[in-house]
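Starting off with a structure, shown below.
Labels run A, B, C, D, E and F following the written order; every chain starts at residue 1.
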C-alpha cells in the first residue's frame, strides 16, 4: 500500500464509485455455472469476475498422500493472464500460492472433513477479471461451489474486506482503494458459528482502527451470507422447476 | 456412469452415425448451437466468450510493447497461449501446458498467422527495436468436445473486439496518448473440425463422440475460401478421398460460422 | 511462411538445388544404426540428418499409466542444439512437443498396439541437422526403427511434404523453400492401406491447389516407401551374410 | 517416539493449556528464551542469527544494483525469500519453495514493507533506471516451532546490521567508493504469533504445540504500537473476541522483544 | 583459475594471511550442532562456515528407488544466497550438483552401506559462508555428522586441498588463492586405510608438482583427521557429563 | 541376458583383469579403436563425431555474440553442455540434465578451460559489452562406456574444426562480413580415464567394466604433458600410489590419442 495523494472520499463522504463507507459493491452470484464440475459458482463483485469449481470427493493419487482419518482439501487460486492490467504469466506466482493456502484454510473449518477419509476434494478458482478483494470473493464463491457439490458443511463461509482509505474505515475495497489506501483487512466468517476463518492485514492501523475494521468486515460478511443463501435457493428452485 | 452403460452408449453413438444420424439429433455436418459474446472482460484490450453447445471458451487479448523477432524487425509479434483450466474437466490437471494445450494453441495460432489475419506491420513502433506484442490467451472453461473450433472462434472474436492504446514517440520513449484504435484485422479464419467415426465424417464432435473417434481433422478457412491451416489428430487415419471431402464441407461451414462475428 | 521476393524457381522450372518440381531430394537410409537400441534407423534427406531409436516393448513405469488392452507408444522428437542456424536450447520447445505428438499419432495406426497390453514402446528421434521437412523424414526413419525392433506392423509409414513455391506446387521442400514459400503440406501414408496418418498444412492454398499438393505428397510417400523397403532388405541381407 | 506416547503427550499439553499452564513451564503469554546475534556472516552486507528456544534462524542481506519496479521508479526494491533448509527438520524437503516457505517469506516481507521499515526512497540511484535491491534471505536452520516470529526477528536484526557500499555516478555508470553507510532503517516491526489450543491462546508455540493447535494468528507491530500485518493460518478459526485479545497481547510482547535488537 | 599478477607469497615465504605454505587455516569443529538431525556437525575453516546434518537410516520413498542389498546415500551440497560475494540464487547450480555427487562418492567408501539394505540416509550440507575449499570442509564435517548419527563406518573421511600459488605448492587454499592461483587439488582421505576417496584438480601442474601437491594435501588430511577425532571426543565427554 | 548370466560374466571380467587380461582381448592400458571424424554437421560452426569402440559421441559448436562475464570483460565465453540423449542407452531418460551429464560436461569444460585451449581474449568484440560465446554441445549417441574420454575428444576435435564468421563494427553494431577464420586454438587437452577393478587400473573401460568397477579416475593432459584436470568418480577409492601411476600412464596415452586429431 503506497500513500499517494489522491482523493478517494469526497466531501459528502462518498467513495469514487459513489458508495458510502459501509456499503458493499453490487454482487451477482450464480450457483452451478459449469456443467462438468461436481459443484460450481460464479461471482461478480464490482468488476471482479470469478469462477469456482469443485471436483470430488474422489480417490487421492498418489495414494501415500491420502489421510486415514480425514479428507484432503486441495485448492488452486489462479488468475487468468487477461484478468489484470499487465498480462500475468499463467505460471503460479508466489502471491497465488499464498492465497491458495489461506483460501483453503478459510474453507477447511466449514467442511466435515472426517466424513470422507482417504479421499480428496479439488477446488479450482479462476479469476477472470480482478478488481480488488479477489480472495474474499473467491472464498464466497468457493463455499457455494462446495455446497453445490453436496459436501457436508457446518456453515457457509462468507468473506469480505474492510480497510482504511483517506483516514476512513470503509467496507469492500475496490482495486484503486486497495492500491492507494492505508490498510486492507480481508476477513472470512462462518456467521452461524461466529468463527473467523480468514484474517489478514496489510497496511498500518492502530488497535482501535483494527477493531473497527474487523467489525465492519464482519458486517459485510453477514450481508454476503444472505446473498449466498439466496443464490443457493435460486438454484434449487430452478432445478425443482426443471424437474417438475 | 458405470463403464457398461458408457460402452452401450458409445456403441449406440457409433451405430447411429453409420446410419447418418447422431445421438443429439444433429445431422452429420451440423454444428451445435454457437453463441459468441464479444467484449466480456473490460480490463483486457479485447475479449470474447464462445459457447459451442456446452463447450465454453473465453479468450482475452493483452497488448504490450516489446522487441520484434530478429528476422521480422518491422512486424509486431503474435503469441497464442491456451490453458486447459482444471475447472473445465475432470481430465485437466493444473501445471504447465501439456501436449494437448500446446497443440491447441499452435493450431489456433497457425490459423491467425497463416491467413495473415492481423496486419503485423502496422504493429511496428520502431523498426528492430519496439513493436506491439499481441497476447492471445485462450482459456477453456468447460470441455464438452471440439475445443479447437471453439478456441479458434473465441480468438478471432476477441481480436475483432480489440482496441489498442494510442501513442506517440517522444525522445525515443513511447508515450501513451488518450484514445484507442482498433487492432488492424484483415481476415477472419474459421476452424472446422471433423471426427471420423465408423468410417464416416461428422462435424463439430462433442465429448462423447471424441471419446470413440478414430481420428480428427481440422481445416481452417479464410474469408476468401482458402485453406490456411490443417491439422490431423488422433491415432487413426483418413483416406485421401475423405480429406478432400472434408475440405469442401469446411469451406461451406466456415462461411456460416463467420456470420456469428461482429466486426 | 513469409512472402519475400526471392526467385525459388528459375526459367527452366528448376529449383534452387536444380530439382524439378516433383523431384525428391537425395535420400540415404540406414537401418540398425545404433547398437544399444532395440531398433534404429538413420536418414539423410537433403541436408537433414536424423536418428530414430526404439526401446521396447517393456513394462511401463509408473504402472498406473499402463493400459489393460493396448500398448502405449511414447515419442520424443528432439533437435540437437547445433542442428539449426541459431543454437537451439536443449529444453523441449513448444514446436518439438507438438511434433512429438503428431509423429506419434502418425505411427500409431501402423502398429498392432493390442498385441502388447500393459507395455510401452519408447521412440526417440534426434535431429542432428535440420534442412526443412524434418517431421516427415523423422516419420520415415522412425517407422523403420519400429520394424527393426520387430514390432508387429500393418504397414510401414512413409512421409513426405509438398508445398507451393513461387506459384508452383512442388515436392519435398528444403529449408529455404519452407521458409520463403507460400504453403507446406506434410503428409504421412501407409501405402498398402491408402491411409493418411499425418496431415498438416500451413500457408495459403485454394481447394484445388490443396488437392494437387496432397496428391503430389502422396506420390512422394510412395517413392520413399520403396526406399524404406530397400533399406530394410539391405540390413537383413547384411545380417544374413554375417551369420553365414 | 511411538505414536501412542506422542498422543498421550499431546493430550497432556492440551489439558495443561486448558488450565493455563504449559508443558515446558511457561505461562500462556511467555516467550521461550530469545537470543539475537547480529553480524554473523562477514561476507553478507548484513546478517543475524536468532535462537527462539531451539528454533534457529539465520538471515543474510545482500545488496545489488538493479531496476526499480515501473510503478515506483524512485524507490529501491525489497525482496524477501525464505528457505526451509532440509537440515532443519525431517519434514523439510529439498526443492523449490513450497507454500509454507512462500507464506513465511510473504509474512516477513509484509511486516517490513507495510511498516515502511526501510526508507526505500533513499535507495534510488537513478530514478526509473537504477536502484538498490535489498535481498533478505531467511534461512531456517532448526525448526522447533514458531518460525514466523524467529524469521521476522532475524530479518529486522539483519537489516539493522546492514552496511551499504558508497558510490558515485560517473558518466552514467555507478562507481563504488571506499566506505560504508548503514541501511536507512526507520522502524523495527516485530511479529507475535499465537496458537489456539483447547480454545485458549498461547504465545510463541513450540513444535509440539503447533502439531496440536487448531489455528495460528500472527500480529506484526511497529515501533508506535500500530498493527502493520496480520496473518491467520491453520485449519481452525478464531472468534472476533480472541482476535482483539491477541492484538492487545501482541502490542505488549512486541515492545519487550524489540529490546533485544541492537540499533 | 585466471593468472592475474598479484603477489600471493611475500619475500619471507608467507601467504596473504601470514601462513606458511604447508600451514592449515584455523579450524573449529563442533559435533552435534543441530537438535533435529540424527547427526550433525559444524565447521569453521578460515572464514568458511558450514553445517552438515544427517537424517536416517530410514525407509526410502518412492520405494522402487530402494536397493535390495545396500543403503542409498543421498547428498545435497548447497550454498546460502548470502554465503558469497554476489548473491547466489537458491536454486541448485550445476556446480552444486556436481559437488553433491563427488562429496557423496567421497563418503560412500567409508560407510558399511550393506548393513542397512532398502534404506536411505540423507546428508544435507549448507555453506553459510564460503572462503575457498568448501567441498573439503564439507566432507570433513559431513563425515562427523555421519559418525554422530551412529552410522557404522570403516573410518572417518578427512579432506583438504593443496595447490600452486605464485609458483609454490601450498596447503589449504583460501578464496583469493583459489581464484588467483595456478592450480587447486582437493583430496579426501580415509587415513587408516590410506584410501583417497576424493580427488579433483583444476589448473596446470607438471607430474612432479602434482605428486607434491597430492602428498601435501594428504598431510593436511591427516592433521584434520586428528581434529575430527578430538571434536568427536569432546562431544562424547560433554554428553557423558550431562548424563552423570 | 538373465541376471545370472550377467553375474557370471562380470565375475569373469574381474578375474581376467586380476591376471592382467581383458574379456575383449585388450591389454590393461589399451584403448579400443578410436575413430575421429571432424566436420560432420555443415550447419554448425564446428563439429566432430568420435567412435570409441561402440561408444559414439557427436559434438557441435555454435558461436553467438553475447555479453562477457563481469570479472573477465576482455574474454569470450566458453559454455559446455552435455546431453545423455535417450536413444543412446536404455538407462538414459529424457529431461533436464542429471548429475551424470552435468559432471560429464564440467569435466570436459575443465580440460578445455584449464589448459587454456581457446584463446578467449581473441574472442572479445567490444570489451565489457560484446564477446563471442562458444557453445560446445556434447551429444552422446551410443553409450558403451567411457563417455568422458569420447566426449572430451569429440569436443576438442570439433573446436579444431570450428570456423568463425568475420565481422566489422559499424556504429557500435556488429556487421557480419563474408569469409571465415578458424577459432584460435592453442592446446589440445586429452582426457584419459581409468577404472579400478579388482584393485587393478584399466584404461578406457567399456560399459561392462564400468558396471563392476570400484572407482573411476580421469586425468586430462595438455600438449606439454601437464595435467590440467583430474576427476575421481564412483563409490570406491584409490591409493596414493595408484593415483601417481595413473598420471604417468595418462601422459603417454594422451600423446598417442592426440595424433588422431586433424589441426
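In this section, a residue touches a chain if its C-beta (ideal position, glycine included) is under 8 Å from a C-beta of that chain, and two chains touch if they have at least 3 such contacts.
This one's a predicted model, so the numbers in the text were calculated from it and none came from an experiment.
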Exercise. What are the chains that subunit A and subunit D both touch?
Worked result: none
For this session: Tell me which chains count as touching both subunit D and subunit E.
Result: none
Seminar exercise, completed: In terms of CA centroids, furthest away from subunit F sits chain A
Seminar exercise, completed: Taking each chain's mean CA coordinate, subunit A and subunit E are separated, in whole Å, by 51
For this session: Could you grab the centroid distance between subunit D and subunit F? Build each centroid from C-alpha atoms only and quote it in angstrom.
Result: 48
Exercise. Just how far, in Å, is the C-alpha centre of subunit F from the one of subunit A?
Worked result: 57
Exercise. Could you say which residues in subunit A touch two or more other chains, in rising order?
Worked result: none
Exercise. Classify the inter-chain contact topology: is it line, ring, star, complete, or other?
Worked result: ring
Exercise. Round the ring, starting at subunit D and heading to subunit E first, what is the chain order?
Worked result: D, E, F, C, B, A
Exercise. Quick one: in the complex, what on subunit A touches subunit D?
Worked result: 1-2, 94-95, 97-98, 100-102, 105, 108-109, 185, 190, 193-207, 210-211, 214-215, 218
Exercise. Of all residues in subunit B, which touch subunit A in the complex?
Worked result: 41-44, 47, 54, 56, 58, 60-62, 64, 81, 83, 85-90, 94, 96, 135, 137, 139, 141-144
For this session: Can you check the complex and tell me which residues of subunit A touch subunit B?
Result: 34-37, 40, 47, 49, 51-53, 55, 76, 78, 80-87, 90-91, 122, 124-126, 128-131
For this session: Over in the complex, which subunit B residues touch subunit C? Could you list them?
Result: 72, 97, 99, 102-103, 105-106, 110, 113-115, 215, 217, 222, 225-240, 243-244, 247-248, 251
